[in-house]
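What follows is chain A paired twice: with chain B in the first complex and chain C in the second.
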Partner chain A sequence: MPTAEFPNLFPALPEIFLLVAAMALLMFGVFRKDDEAGPARVRCSRIVARLCILALLCALILVVTMNGSDRVTTFNGMFVVDRFAVYFKVLILISSALSILIAQDYLEVHRVARFEFPVLVVLASVGMMLMVSANDLMALYLGLEMQSLSLYIIASFQRDDQRSVEAGLKYFVLSALASGMLLYGSSLIYGFTGTTSFDAMAGALAAAPGEAVSLGALIGIVFILAGLAFKISAVPFHMWTPDVYEGAPTPVTAFFAVAPKLAAIALLLRVMMEPFGALTVQWQQVIVFISVASMALGAYAAIGQSNIKRLMAYSSIGHVGYALIGLAVGNEAGVRGVLIYMAIYLFMNIGAFTCILSMRRRGQMVVGINDLAGVSKSNPMLALALAIFMFSLAGIPPLAGFFGKLYIFLAAVQAGYFTLAIIGVLTSVVGAFYYIRIVKVMYFDEAEEVLDRRMDRPTALVMAATGILIAIFFIIPDPLLSQAQAAAQSLFGG
Partner chain B sequence: MIFQALAFYLFALVAVGSAVMVISSRNPVHAVLFLILTFFNAAALFILMGAEFLGMILVIVYVGAVAVMFLFVVMMLDINFAELRQGFLRYLPIGAVVGLVLLAELLVVLGGWTFAPDASASVQSPAPGLEQVTNTRALGLLIYTHYLFLFQGAGIILLIAMIGAIVLTLRRREGARRQDIAAQVARRPADSVEVRKVPSGRGV
Partner chain C sequence: MPVAIVLLPLLGAIVAGALAFIDPGSRAAKARIDKLAQAVTCGALLISMVLAIITFNSVAINGQTQTITILNWISSGELEINWGLKLDTLSAVMMLVVTVVSAMVHIYSIGYMHHDPSIPRFMAYLNLFTFFMLVLVTADNLVQLFLGWEGVGLSSYLLIGFWYDRPSANAAAIKAFLVNRVGDFGFMLGILGVFVLFGTVQLDPILAGAAEHADTVLNLFGGEAHALTVICILLFIGAMGKSAQIGLHTWLPDAMEGPTPVSALIHAATMVTAGIFMVARLSPLFEQSDIALSVVTIIGASTAIFAATVGCVQNDIKRVIAYSTCSQLGYMFFACGVSAYGAGIFHLMTHAFFKALLFLGAGSVIHAMSDEQDMRKMGGLWRMIPVTYALMWIGSLALAGIWPFAGYYSKDIILEAAYGAETGVGQYAFWLGVAAAFLTAFYSWRLLLMTFHGKPRADEPVLARVHESPMVMLVPLFVLATGALVAGFIGYDAFVGHESGAFWNGAITVLPGHPALERAHESPTWVKLAPLAVGLAGIATAYVMYFLKPDLPGRVAAAFPRVYRFVLNKWYFDELYNAIFVRPAFVIGRSLWKGGDGAVIDGVGPDGIATATMGIAQAVRRVQSGYIYHYAFAMLIGILVLVSWYVLRSV
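The block that comes next holds the complex of A and B.
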């Protein structure tokens, strides 16, 4: 009778805590008496949302305090915790908590405030944390599906709104296709290396440096890349992004634009650097193509948009392109650049979405860029905040967005990828046009009818906090830089 | 050996025969029942091959869940199957040709299919042979120990799917009658029974 050792649960404690909390809150919500869209339901959803934020913060504390500097694996090497995972988990937890915080008011206004929403966001974050910690193809897939399944649901959360349902369905169908590609790639990799574990895979693929790499494994890597590129909405797998971003409820779009991207980028970095690190020359060209195409599409396709949510979708495609430069460079400096970039991207995007959430006219949400006309007079704080975020997204110094791009381009130039860096700079110049157009509309256009002044307090707080962080990042950049450095080092076994 | 061969042909024949009945029977309910018969025979074939776990799963999942759901759908939706089947004979030749082409392709692929010579050597954790451990036991030993993490993760994914189904479809309808156990228990004879004195010879 073979006996198995009980796995060490300690490294996975934050995830386990969050799962238990999510299930407890689910029970709490179910057993509380509620009425359809009545005050009791809203009150219940408010309590659950607050408790979910609390749970996310507790998990954040757990993640940070349990962070030893060494790499720990558990569950038979399927789950890994290192500085890299911790870095991304912190970012994911922050973005989930902020998303729940800014979502509540929107959900209440649209009469869809239900307690399941924050619980699903928490479950999605657990999925993302598993993705970041995955050290095995099967663990990778499970984390990815846990995340995606929660995302499908919250995308169509406004189920009486046709566009929201359409967004959810579109995301579901296309994402299932991408999962299929990922699985196909995984099966090929498994077939050619005989293992699903990242550590063993790295050994199997690196075993024979002189020999030609087996074609099947290469095709597998390309399929895995395609599946992951879909999740980060990189060109040519970006088609779903504008429609889903436009159709989904705005706070969900804010969540979509940040947390899943963080997790998928983290996964992409780990998969490409750890198991497939020996084949860098092989996959590099694919990443370079994806990166250049995403930057170009993000810059040019956004110019004609009149809906600000669609514009943010194209902007996010472009930003993924910039982040991928760091991966294409494929060294420690490049990965450090991606880490810094994604952290700054998180705060810029959440901030920009708080502004979009505050765009209301007579209590109704509006999303047209021209609706922003005259905001500088009617609501100067909103205009100032949005201007900061837009300048930062465009990458104008001294705002944080500039430094994100700086470290990426610096890594590219140092490693000799001048073409990539030049294309990056050129496309950010083109992209600056549409970001700054929003500022122009706000400050120089006359409005026929101005937006409401009303802003709910949590959204305003998040807006102010992210705005200040973005604006003063250049004074105290050290904490982020040193953390990113340590995280990047841990990925390269340093 | 002869018993095994006989059993194989019995189950295989019934499986193929009932599969044909699935597409040819007029009554959709009968079609689903034949589908269930096909599943049972396929499960028996699995057991014959020593894959008793797959056989049991086939019965539990496909008969217990999928086929029952089909039955529900067939009974609840008013689909005119006779109309759907119009032109069946007309399209039969095309269908048969497509089927034959697929069969030929399958034969070509499977005929030329061999294991890579070094494939068995590159397996990192080979499975023990059937004579050492039954496959249900082998799976159980792995799933609940080595793959505990994945097993639990899959459970969470199912939980999320369930939450999703409820969030996206459950509505409280006006006028729907729900069971209220407390009200049922608290009900007294006086509330629902009326005693009338009926004068004799008049009726109620």
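The block that comes next holds the complex of A and C.
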């Protein structure tokens, strides 16, 4: 009887490192002297936050340096590392680090600065990295749950605040439902293909081209799709998004809006392209439907919002719709479009949330769109930055958001999906209305009471950096484009 | 050197135009800027004039015709268009007339406009106009000619509406522009037709190749038509617009809203004659089509008589002269129509002098009368402004065609040529021309008598300020008066006499079958004397009606009320156009605006979409209830729909 071989840990080194670091920091926090809401606790949270950022950066370096251009699998083929995974891991690590960076001040102001927050973000990041590298339905589910468990907690992190707790609970219950769907879908797939490994599944599904695709497998795919669509908040599995975004603490919302979406989109791309690649024609219709519905809902529902966090929730729904166009196209150009889009989306969103985090009046957070009135006079830099992000989100050239949409629509048009591209353009027009309305409020409305001028330094720095990146992307787009190209190629076995 | 003639005014226009944008700040600085603008523009024009005289000498007198190509402009497939100058006798004559009159008008304007607040702008427009007019007359291809044609139209628009704070001036400017568009459309089609037929728009090959296409037939709208007839009539429609011929004349009287020097330069001496120039320039084409020539003759003669009748009853001093211009342009056209192009151009030149003189003289009167233009409020001015009075006499004598003034020679030869054509349309033109000559003399003296004689009818304060114009205004008048005196007998032999063949030197083509001008010299004595006789008769009639028996005009008007009203209302052309074109256009426009754009496009389009968007937004908000079981339900419904999609499809 052959003994089980010890798996090669080397490809998973970044994840392992991050996990160990998270445990160590957890220990560090737990055993440090605590004075219950006193300065010592704040100091502790600061130290842990910085160390977490450091750990994430180290993991980032590991991810980049350990990356051969080849596809490597380990843990009996359950874990895969390729250019595609590396691309998304880099984005996830960046967004996690930025989220911790901009969160600290908010947490301190709201007296919830605890060392657990950054550690949970790191743990969520590990889960996301596992998702990105998942090459098996089991690995997929494990990564997903690891991520989700951390997210439930940080959504209700402001535990004295009813809305925050409500947000966490809603997310938990609905996410559990989605996970159930995912699991059900997985079992169906296993039942019809006899395997949980992506590689074997692809072989099984592609093996019989002449035969009709079994309906059971298709329904399994639909269920898996539904579970993942929940994570990326695509219509009709989006309902949790506005409530959770609104209720959760703002830095958590910023994190929610970016990192989990990146991971889920990555997972979705991999699952749809690798194991289910042979069934593209079948699942395409579902993706098209979800994409169109998300774009339309994102555009229309945001118009009626007066809370900027809710608005960002609908905005993210809409953006996921655009990204899904790339998936619906189902070829390399489409995937490349999604990759570019998500990278730009990361920076636009983090930037926009730094602005939202800076909206304070007499020390208190405000989130009403009308509270922005007159910001152009009281705080011109904030107004300029938010204007850049809003124009970029609306897809106005020459800002980066325009190019994100451009590559997606280009891929759609080249592949002949004119209807999708046209709907995308039309909904962008509707969407432009509410983005530009914010700019209008900032620059043309009179304020009754102006916002504070104060901004904490990390937030201001992140705001400036993302703003500049968004504004000058069109001058140096090449690094991103070539990386996205390589990552897309690796997914197609190129 | 010819290039400099054309470009100097453009340079002046640019400099003066730039000066117009300077905010002077103080009154002294403004005076300096005004002076500078006047010096630059007048200087440019005077140099241009001197060069034009030299060029005229070498080209027309010494016969050195040439074509100068400056630049390649458009090169696309078969289409080759250059910037070029075609210098032959015709363009040399036009350059001479344009630069001389323009220079005089420039100098006159220094005095006339001296209290206007925007002198640099005015001078820039005048220079710009002169530039485009010179481009027009020197064009060596039809497109360049068209450029100049549109350019003078633009300048005319700018100058008619120069006092843009007057609604009437704006309306007149727009009217002039729009009416000219009608003509320009014909002109454009004509140019296209020429290109279709000849494959080029360069004048030299077109003029040389006209005879080859004498019998070419064009397929038009399923029918067949004689190509050159169609083209010539289209081109002539363009000429009608620019030269204010009957039907498209309505803009010219309204154009008197512009400052008087503008009326003199653009709406009497130069721009309005562009149509005659164009017909003469394209004489080889027109010669091939008897129908087109007949059309030109009939339209010309009808305009001559029509405008003369209207001129008899106008009370605005400038409008009388405007209708007179219209009428004289009719003479020039029917001269061309009977193939006496030389006579037409001859009259164009003499007319430029005496009509500019009349306009500027009228301007001098208006200036003296503190901007009053209504002749009924003038009278008895001759003692107060004797120099102007004398000059107006010279102009009127020339206009009426009294020997030895310039108009006598040119009008005489036109009428003789019309008689000599020995065709039906020729006779039509001759008799109407004679009648118009009577009316011309009549309204000229009516103008003189109402303005300068009788009892002063102006208010006391106005009368107290009546003064003779300054020298800067009178000197140009003297120059023009000299032209009105001597241009006739100096030019006669060259333009239409026995030296005309050598003088024109091929610039004008007349087929042997059209010998009107040769026969003109052999016409019976009564034909030769008729114009002079009716001219004198007209003067006498005017004396009787406005000097000896001042109540007679009123009685005549009362005796024929319908005729009087018909003529007074300018044959109801404006009313007719209002009813046929303007008002229906407004109705259609309004219905498209309110019904089409407002209700349909806005209602379904922007407004409708915006309303629908807000509605959808509201609906979506309501679905977002906040209850977990609603959300879970939506997810389940979603997955149900997706699954049933596959299940139903596979069944």
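Here is the rule we go by: the second predicted complex is superposed on the first by the 493 of 494 C-alpha atoms of A that agree within 3 Å, B and C clash if a C-alpha of one lies under 4 Å from a C-alpha of the other, contacts with A are read in each partner's own complex, and residues count from 1 in each chain.
Please note the rule applied: a contact is a pair of C-beta atoms (placed from the backbone, for glycine too) under 8 Å apart; a residue touches a chain by one contact, two chains touch by 3 or more.
Since this is a predicted model, take the numbers as computed values, not measurements.
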Query raised in the report: Based on the superposition on chain A, does the combination of chain B and chain C result in a clash or a fit?
Result: fit
Query raised in the report: Looking at the overlay, does A:G368 come into contact with chain B only (first), chain C only (second), both, or neither?
Result: neither
Query raised in the report: Once the shared chain is lined up, is A:L142 touching chain B (first), chain C (second), both, or neither of them?
Result: first
Query raised in the report: Looking at the overlay, what does A:N76 touch: chain B (first), chain C (second), both, or neither?
Result: first
Report task. Applying the touch criterion given at the start, work out whether A:G38 contacts chain B, chain C, both or neither, answering first, second, both or neither. Result -> neither
Query - First (chain B), second (chain C), both or neither touched by A:I303 - result: second
Requested in this report: Return first, second, both or neither, reflecting whether A:P380 touches chain B, chain C, both chains, or no partner chain.
Outcome: neither
Requested in this report: Please indicate which partner A:G416 is in contact with in the superposed arrangement: first for chain B, second for chain C, both, or neither.
Outcome: neither
Report summary line: After fitting on chain A, the minimum C-alpha spacing between chain B and chain C in angstrom comes out at 20
Query raised in the report: Which residues of chain A touch chain C in their complex?
Result: 169-170, 173-174, 177-178, 181, 212, 215, 218-219, 222-223, 225-226, 230, 235-237, 239-240, 242-243, 282, 285-286, 289, 297, 300-305, 430, 433
Report summary line: chain C contacts chain A in the complex at 613-614, 616-618, 620-621, 624, 626, 628, 630-632, 634-635, 637-639, 641-643, 645-647, 650
Query raised in the report: Given the complex with chain A, which residues does chain B contribute to the contact?
Result: 119, 122-124, 141, 144-150, 153-154, 156-157, 159-161, 163-164, 166-168, 171-172
Report summary line: The chain A residues in contact with chain B across the complex are 2, 4, 7, 12, 19, 23, 26, 36, 75-76, 78-79, 114, 116, 119-120, 123, 126, 130, 138-139, 142-143, 145-146, 149-150, 152-153, 156-157, 159, 191, 193-195, 197, 200, 204
